[in-house]
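Each structure below appears as structure tokens.
Look at the two complexes coming up: chain A is in both, with chain B in one and chain C in the other.
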Partner chain A sequence: MDNTKLGNFEAIALILIITINHIILNFSKTIISRTGSGSALNILFVGILLLLFVELLLFLFKHFPKLDILDISEYLGGKTLKIITGILFIGYYIVFASILLRSFSENLKIIYLDKLPITIIIIIFIIAITYANKLGFSVISKVNMLFLPIIAFCMLFVFLANIKNYNLSGIFPLLGNGAQSTFILGLSNLFAFSSISILYFLPPLVKDNSFRKIARISTILSIILFFLGIFAFLCLFSFLRNSEEIMALYLASRYIEFGRFFQRLDAVFLLIWTIGVISYLCIITSLSINIFKKISNITNSKALVYCLAGIIYIISLIPKNISQTNYIEINIFKYIVFILILGYSLFILIFANIRKRLGGGKNKKTS
Partner chain B sequence: MNFNKFKQSIFNLINYTPPKNSYNFNLNNSTSKNIISNTNKKISASLKENKNYIDFKYNTLINSDIIIRDFKLVAGGKLYPAFIIYIDGMADSTLINDFILEPLMLRNRANMHKFHCLRTKNKGKKVLVEKHSNNLSFEIEQSLLPQNALEKETDFSNIFNAINMGNCILFVDTLSVAFNLDVKGFKQRSVDSPNNEIVIKGPQEAFVESIRVNTSLLRRATNTENLVIENVSVGKLSNTACAICYLKNIANTELIAEVRYRLNNLDIDSLLSTGQLEQLICEDTKYSIPQLLSTERPDKAAKNLFGGRVVVLVNGNPYCLIMPATISDFISSPEDTNLKPVFANFLKFLRLLSIAITLLLPAAYIAIVGFHQELLPTELLFSILASRENVPFPVIFELLVMEISFELIREAGLRVPSPIGPTIGIVGALVLGQAAVSASIVSPFLIIIVAITGIASFAIPDFSFGFHIRITRFIFIFLAYLAGFLGIAIGLYIYFAILCSIKSFGVLYMSPYAPNTKTAKTNNFFVLPTWMQEVRHAFLHPKKAKAQNNISMKWRHPNG
Partner chain C sequence: MAKIKKLRKIFLNIFIILIISILIFSLSGCYSAQSIDDLTYAIALGIDKGDHNNLAITVQFTFPNASEGGSAGETAPTIINTVECSSINSGISLLNSYTSKEINLSHCKIIVFSEELATLGIGEEIFTLSNQVEIRPDSNIIISKSSAKEYIENSKPELENLVAKYYELTSYSQEYVGFTENITLSDFFNKLNTNYIEPTAILGNGKKLNIPTSNNSNDSNDELNIVAGQIPITEYNRESEYLGLAVFKEDSMVGELTAIETMFHLILTNNFESGIITLSNPLKENSTIDVALYSHKDTSIKTELINSSPFSSIDINLNARLLSVDQNSGDFGTKEIKELESLINSFLQKSILNYLYKTSKEFESDIDGIGKNLLTKFKTMDEWNNYDWSNNYKNTFFDVNVNTNVKSSFLLSS
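What follows is the complex of A and B.
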């Protein structure tokens, strides 16, 4: 990673941009299709569980100040575990960044770039990712910090400007498909908050004592944003199906009109969200590069930028159509989030803590 | 004979004659040997040797403005061969006549006495001390040259520098030193009002070409003994005098050291302008983004000195460089300080809008017309489409034609003599624009877009930054043509990433926004009331962080 430490706002922005992109890229639609009108209640319930999970993470990280999950893996299982953890995270980030890129590009193609081949649309994004990543992680986090308020404001604006179109009956019945669906089956909606995976890599990047503050604030803001998104979609659309191809947020923006002059502002929002998606992709690529640097000890990462950009491009072209990308997003993504972020990484932290308590594995980094 | 002539003329008429060899000059490699420029020679005690060396170095047989005046110097009643050298037009001949040649050549009490009259420590009694011939240089310095600025030189390099600056040099036989006399008298522009950074309320003085006049303007503007003006010469051949100016009690020591280091480590032959220097000392040279602030106003330079920045003056240039610079400096105008915060902030908002318009309006037009027609109300869309109905060219061609024409008009308006300038504007804007619309080469709506963009570009206060925005606009036009708002979004992201990556003398260009530093009680984008401007910019790490007390208006809060 770059030697410069991230500021609190920069670090929070890193997590929030991922949450916002998940809202833009139809994660809320997936939640609604599973839990129906109970989604608002479900997201609050899941949010509380997430807060508890984050508190648990903070407790587990307490004994490993300034160490990320890779360092802790090394402490627990040596270089081998560190490399396994690194590869798992790189795979997770790259594959799903590619799928989300494909999904967004397909949306753009449907909305207005119907004459441009999908390969060209994706390559435009890849050029931006490559160029920005050559400038470094620190630059990407700064740009993200600059754009995040605008992107967040635009999203909130879409929610607020649509108030007159809200139909509150959309959130009723509050329990949607039933208590079991909302609270038990709906637990799988935790996947929407996969942005917290960044927390595993934050401790060495942020200033002393600010990690806890950053983790809590970013989690609470993520929950609020998701709740607002779900609430707005429930009130706006009588039903949302997974087969719906266009982004729900884009559909919501099409309802906005101010007088006779401003009747179709969706293109402006699309511009802002495109910046958001580029920012998200750049962060994920940069994070993957840094993980690779850490597990391989390479010094010059410039060439790695081209490699990862190429891999993202190839993976994003694998799905044959938008239905396949949706399928991967809905059915595969959530299980991997559960296994990797909520399961594997948590177990590493727990076992590392146990080992620490037992006094084993004296390591330079942890002593 | 006549027959032969006739025969020849007939023959010439029908026969082919090859063209005569015409004059044909080609510039080839110089056949003469490179003259080794060694000026590190020491001054000799032999006057003839010194003169021969100067004749050789200055090509005095060819050079018409190099004046060498031989004469006999009278000292201690003796005559010594001597000569002075100066450049005609650079030195003041009255000063040379009255205060160099006259006291040295004409016999007077000072140069005829063989004894020094000295006062002893013992009750101030006067005693006479005999002058010795080896004290000749001492006597010339102490008694014969009534000059306030006199230096003894032993190296020819210093001598040549001094002559080129307009000084007069005195060589005397038997002395291995020369006297460097400051008698500069070249014509120079007087201090005038600024040409390019005009303000309504505020000082109306601008820098001139002379570095000394400029340093005096800075001295007057800062009015503090803490102002340090260090001299540095840049350029192996030109030896251009530069001055590093800073307030020693405010500016960061490492910043000063870095400026000094960069200026002292320039291996170039000549330095002629601040623009050249800016390119030579900037961190990132591959982008067109200006990274140093340039101003012709002493008050702006002084304001930045008080803020903890360093100012560099270059001899021969009416502009100074201010470092480090951040993006908000390029949106600020000297007028901001002179206005109430409400007015200043309104103007700043307008400038920000003008930057956005210059950068994005033509690109947005291309994107909307090509990809996002739904953004426009139906009536307006019909109006645009109707206006484009007779135009046979694609919108990108139409826009580029108009944008390049506008740039041509602007460039031509700058280059033509000033009386014709407005005519170019009228012909370009009115006649050409109207004719282009009538001929269906461009649509009237596009003329409006180009005109608004052009007007907005004039509202950007910094010339270099305005130029950068104008150039970058073409990249956005291309991106918008390629992929509409997607192209613009990509362009904006990369542009901001570049802005965030640039540093100006160790300070990030987007400071204090990215990285986000504490911005309270200091001017950033928006101007605070004067009483609230309590601290200097944290990103400059000044020695003195506070610019004023928490309560600056003590008359209002006497107990506070």
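What follows is the complex of A and C.
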């Protein structure tokens, strides 16, 4: 990753593009299938908890200015812990980027490219990722910043253009499958906000004093976007709770019509969301390269692009069908987010803070 | 040297972009080498109960290049094929092996089910159709009192050259008549998957029925107590028509709404725009007066549980204008207008009450979404499911309050 610092909007866009991709790729449906009509209330509750979690992160990062989770791991447990943390994050990013790529490609195949083999669809994305990563992180983040408003606008447009089709009864009964399901079991819906994992790597990339602002704004915007998504899907689709279907956002876009003349706008949205998915994959790959570069101390990381692109391609072809990708997304992904992002990384930060308080640590970086 | 290196890099980038572009276009061309000439577009899909198999699927295609030939005013020809099959998909496959082109359903405007099949249940077919990417969610769902095949065969547009255009426009009559509703596949599918509202579909008929004879009733709106096939048109070229709605309980058809009942349904579901009713003239004996009704405010429905029985209180607000005036209309003062308003209110109140009790006692089907107003009274889905609204709707009591404002007549105002 080059040394240029990210602007505030650039950094917020990095986090938001992941949230938007999670909405595009049906994470909202996973939430709704667990908490039913209580999902709107659940996402507000989970959102408040997320804000508290981010505040806790900011507090813990306060004593380690300009250091990311890898530097802090090194401070706490030396090179070994740094490598373990790096490998865990690379594994997490690459595996789930691959699964999401497969999921989106399968959806594209169902909708428009039914005669094109999945291998070809995926390879087109891989070519895009490889080429973009050759240009560097700075270019990726700037292009992402350029496309994010368009992608976000399209998503909001789908929600707003469907207002006449909304049925507010979808959000009732407010507690959905019960208070326990909404507030206790529904806590697992925090996985949808896995985009906050970027926050662990953001401090050295952003300008002085802007990390706190970026973290708060991006978290609030992510919660708003998810709430709007869930609210819209609950009001639009009564069948979302008990059926397996492709991207709910695409289904919503099929409902849009303005009079008798402007109909069938879904193809335009799909093209724009494809750009969003490419942007997301480029960011994840670039971030993984950066992590690898940090833990291995290699100087020229450009060749790594081919290697990671190849790995993403292979992993994305492993699931046999959509059912398997859904299973990984819903069951495995959820727990890994909890263990790695909300558990492991938080513990590293807590113990590093304790060590610092106790006056330990000889690493110059923390001074 | 540095300049050459830079140039080489630019050329390399151009070369890579060129190769990728060629690959993308050539590969997509190879794998989906399908031009518009290779496809045949179905504009209507009819589903009947089969004689020798589960289903009989009728597909109406536009004639290839139909829009090019033919003189003005001549209806573009269509082709109708029927196949007996076990399911919709197998039927389409069998037809695909028969036709020279691949059948594409992305321009299918209407999906017609026969009443015979609808009474047995069409849930499986609706799920199958909703699962198809090609079929648009805005395709209309029609239940034909005759066979679906007959409905499609007799749909010969008189004012349109293209059958597809005729299918597209006809359901919009809801906007200016209110005798049917523009029910789409997505509407039907959504309602089929909820437990607080039941689905309806457009009621059609592929053949004319006997026109009901007048029973000398004093109620002028008896002429609107008709369903598809009974429109008293005495000279016509087209036998297919649609009027009223088919009422479903879950996925089975349980009854039908007449033209005027459909208007009441639209008023209660806030889909009403305008319609006409005929009343006895309060100022002149043996004379009727036509009133155009317009939507004013959304209908408010409040449902409560009183001693565990549902009680629904409905407030309807409409605007009205007089359509029929004569030389005595000048006598319409404030008092007469009030008298007319109360006449309209009492007529609508009585008729809507009858309609609501018909849906609850006879059909036991909540097509007006009375139940969704009860949802807020329950905390969880389990509580709501245990209440079993679908079976409790028949116990509902209604109180209807209609408030009509007669604005004026049109050009010859009083």
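One rule holds in what follows: the second predicted complex is superposed on the first by the 363 of 367 C-alpha atoms of A that agree within 3 Å, B and C clash if a C-alpha of one lies under 4 Å from a C-alpha of the other, contacts with A are read in each partner's own complex, and residues count from 1 in each chain.
Keep this in mind: a contact is a pair of C-beta atoms (placed from the backbone, for glycine too) under 8 Å apart; a residue touches a chain by one contact, two chains touch by 3 or more.
What you are looking at is a predicted structure, and each value in this text was computed from that prediction instead of being measured.
Applying the stated contact rule after C-alpha superposition, one finds that A:Ile32 touches neither chain B nor chain C. Applying the stated contact rule after C-alpha superposition, one finds that A:Arg264 touches each of chain B and chain C. By the touch criterion stated above, A:Leu113 is placed in contact with chain B and with chain C alike.
Contacts of A:Asn177 after superposition on the shared chain: chain C is touched, whereas chain B is not. By the document's definition of touching, both partners, chain B and chain C, reach A:Ile124. In the superposed model, A:Ser169 lies in contact with chain C only, and not with chain B.
Residue contacts after overlaying the shared chain place A:Ala215 against neither chain B nor chain C.
In the superposition on chain A, contact of A:Ile17 is made with neither chain B nor chain C.
Using the contact criterion defined above for the overlaid structures, shared-chain residue A:Phe237 touches chain C, although it does not reach chain B.
Residues common to the contacts of chain A with chain B and with chain C across the two structures: 113, 116, 124, 127, 131, 260, 263-264. Contact residues on chain A toward chain C in their complex (touch as defined above): 36-38, 110-111, 113-117, 120, 124, 127, 131, 167, 169, 172-179, 237-239, 242-243, 254-255, 257, 260, 263-264.
Those residues of chain C that touch chain A in the shared complex are 16, 20, 24, 27-28, 31-32, 34, 133, 136-138, 168, 172, 186, 189-191, 193-194, 196, 369, 372, 375-376, 378-384. Those residues of chain A that touch chain B in the shared complex are 4, 7, 9-10, 108, 112-113, 116, 121, 124-125, 127-128, 131-132, 135-136, 139-140, 142-143, 145-147, 260-261, 263-268, 270-272, 274-275, 278-279, 282.
Every residue of chain B that touches chain A in the complex is listed here, in rising order: 368, 371-372, 374-375, 377, 482-490, 492-494, 496-498, 500-501, 508, 510, 513-516.
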